[in-house]
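What follows is a set of notes on a single structure, which appears directly below.
Residue numbering begins at 1 within each chain, and the chains themselves are lettered A, B and C in the order written.
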Amino acid sequence: MTPLLSAQDLSVHTADGQVLLKPVSLQVHSGEVVGVIGANGAGKSTLLKALAGIRPVPNGSIQLAGQEAPTLSSLQRAQILGYLEQRPQLHWPMQVQQVVALARLSFGDRELPDGIAAIAAALAATSMTAFSQRDFLQLSEGEKLLVNLARVLAGAPRLLLADEPTAALDPAHQHRVMQLLRQRAAAGMAVLVVLHDLTLAARYCDRLLLLHKGALLAEGTPAAVLSSANLQHAFHIDAVLDTASHAVIIRTSH
Amino acid sequence: MKPALLGLYVLVAGLWLLELASGASGINLAAALADWWHNTASVARIILFEVRLPRALLALLVGAALASSGAALQGLLRNPLASPDMLGVSQSAALLAVCVLYFGYSRLAWFVLPLAALCGAALAVLLLLQLTRRLASAQALILAGIALTALTSALTTFALDYAPNPYALQEVYFWMLGSVANRSNAEVLLALPFFGVGTALLLSCRRCLDALSLGEDTAATLGYPLSQYRWRLIVGVACNVGAAVAVSGSIGFVGLIVPHVLRPLVQSQPGRLLWWSLPGGSVLVLLADVLVQHLPGTQELQLGVLTALLGAPFFLYLLLKQRS
Amino acid sequence: MPAMNIPSRSCLSLLLLLTLSVPTMAQGAPARIVSMNVCTDQLLLLLVEPARIKSLSYFAADPAYSNLAARAQALPANRGQADEVMVLQPDLVLTSAFSASFTASVLQRLHQRVERLGFASTRQQVFAQIAQVAAWTGNPDQAAILIETARARIAEASRQLQPLVAGKKAVFLSSNGVAFGTGTLQDDFLRSIGMRNVAAEAGVAGPAPLPLELLLAAAPDFVISEPRGALDQQQAHPLLQHPALRHLHPHSLVLPERWFDCAGPWLADAYASMAEQVRVLR
């Protein structure tokens, strides 16, 4: 089966030659949740941005839904891919409903039945329907994130790229978001999610990509990737993965 | 069409007619129209078609151009305090217009003057865009705008002082405050193509401006990367502001007040705001110009004085509201 | 009348002044005269020999403003600053009542003789000013001759003009939409040859903007303005260059403003030139 997303030798340099990401190759298939983990500065966000088509432009090649990324127009790309950024901003005071509606810009149906239905469904999926008329800027960080997740889902993407969606959430919401992603994957979406919480990664991801200092250190099932050796090397922690509870138990850290 | 928007257009039409009916000589509009209909020559007809009509048309067009440029700049820079006159865009246009006009180059071709003003405006917007990149804070942008405004205004006065034309310096008030008085249909025709192109370019960016509400990166992933729309926005603003300044000087506060007042009516959607700013700007400038003609006094005030009287207190109120 | 406001550097001027001796009043005619205003400049050039003129304002040599620019070329120019005037140790300083007032008051406080000339808005006042400056500088005879010659020329030109233009409407237009209404020399000029001043009738007082509509509604027969230079642009003459004026077909006459801005016998040139231009139109 053709992967929904596939990249070869993807690397990112800044204008003055600094290497943010060393050549990485990866694939994400529809139906799977792939997690990207690593310490701060490992290049996780850079990888996601490169795949989402945000500057800086990466070297290497990317294929989305079987087509070379450069052959796709911005609008076509927007309809295949959904990107949830790490710290979503909103510059104007808008209601939740309108923020979510922005996902339908490329479809041009914000006021039309299809768009309205997609927006309503997305709000329902994230349990934010009660918040539709609320002022976005007045919400808590967790609520804002859920609204943005709804926004991404309203675009009905086939591939979802999420950058640390659980960072500002309380444990209950963290699990709810991950379960939602799993449900979407089960319905056919391909999900690539950056996570900082190793337990969540172990529990909800089919595969993991471990980045270390801009390079791909390990790739595979959580059990394989979260070995004590890798945890030591990448995170400088002396820890072990408990496969039953998916918890990463830290013995000491230095 | 939303009733409020329709109401705006009705207001534009009403004020436009009021503007046609306003003037120092008390001519009878009906008589003037009758003369035109029967093709008889009369002073009333001349005054209506050669003096009042261009004035009313310019007030309408300049208002729409400045307000939509303000809305576009606010959307582009994601800053509610952005506007052509606050950021020095109008004043830069005025500077190049003055240089071209008073040193004789505008005689080379009809489009040299508006083109020079357009270039002045474009350079200012480019500079501001660069600054937005480097300085993340909104305050820094406004400070840069203040500096650019002060610099270009000073340079304009300087240029007028050194112009070969001995009357040039007396015209500083026109360039700094703006006016649509004593204009002819020639000025309307001069500016019209630029307004047309500018407005079309800006309107084509409505969705991009909406997407930008979420920030540049997210806007790109929604299908509207700023890199594809940036030039349209710059040239659009430059055409509108350049043409407006070339024919009527630098009229202040229109680009700031109109988007602000209308923003709640469009639920802060930058794209819709652009559409609404067109009639909104016309309303403000037509109103100000009608007031200018009816205010008691021996001499008619510059239009910019009235927009400042309306706008400056409003601006202060905005700043106070931002603090709290 | 162009504004001739020349700012003075107060502190530096005062310091410098205090180091110089105060000049004594000359007996008889003043021998060291300084003028700080283009109107008094011109009267001085007219009445007084160059040896007694120590400095003129920098406008005196500018042909746009001065009728005697050629004569002023050789003389030193000042910018109306108190220090540059005091250095010359004048026994008479001439200026207008409306410009360089700070400099004038500083000089007066230092016991310098300063005479200030007002604004002439009628022919009588013009002749009176010529006589006044002559009295200050000690040249009353020259003045008398100049005044008589001018009077005669004006009378002759008026005789020629009256039958041609009496009852007709005219307006003097300057830059920036300014016209010359009541209380101006231009108004006196028009009335003296039996013409109607459209600006005065429209309610314009002094030199002030005339609304374009009122100009059109008044439909003047003659529009009188400055000779236009090569670089004059739309902005400077919004009334003159407005297409609407075409429809009225007024006769266009040219009379330099410097004939009216300052009192002097050149007023007669205005009458003569007007007569000549009107005759040619017939």
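Following the convention adopted for this analysis, a contact is a pair of C-beta atoms (placed from the backbone, for glycine too) under 8 Å apart; a residue touches a chain by one contact, two chains touch by 3 or more.
All figures in this text were calculated on a predicted structure; none of them were measured in a lab.
S.K.: Taking each chain's centre as the average of its Cα atoms, which is closest to the average over all protein Cα atoms shown?
M.R.: Of all chains shown, the one whose C-alpha centre lies nearest the global C-alpha mean is B.
S.K.: Could you work out which chain's C-alpha centre is the most distant one from the centre of chain B?
M.R.: Comparing chain centres, A lies farthest from chain B.
S.K.: Just curious, how far off is chain B from chain A if you go by their C-alpha centres, in Å?
M.R.: Distance between chain centres, rounded to whole Å: 44 Å.
S.K.: Cα centroid separation between chain B and chain C, in whole Å?
M.R.: Averaging C-alpha atoms per chain gives centres 40 Å apart.
S.K.: Can you check how far apart chain A and chain C are, centre to centre, with Cα atoms defining each centre and the answer in Å?
M.R.: 81
S.K.: Which bits of chain C are touching chain B when the two form their complex?
M.R.: Where chain C meets chain B, its residues are 2, 64, 175-177, 205, 208-209, 211-214, 216-217, 219, 229-236, 238-239, 242-244, 247-248.
S.K.: Within their complex, state which residues of chain A touch chain B.
M.R.: 49, 52-55, 74-75, 77-79, 81-83, 85, 88-95, 98-99, 102-103, 105-106, 108, 155
S.K.: Please output the residues of chain B touching chain C within their complex, sorted ascending.
M.R.: Against chain C, chain B makes touches at 23-25, 27, 41, 43, 46-47, 50-52, 101-104, 106, 164-168, 170-171, 174, 181-182, 184-186, 298-300.
S.K.: Spell out the part of chain B that touches chain A in their complex, as residue ranges.
M.R.: So the residues of chain B in touch with chain A come to 78, 207, 210-215, 217-218, 220-225, 228, 263, 267-270.
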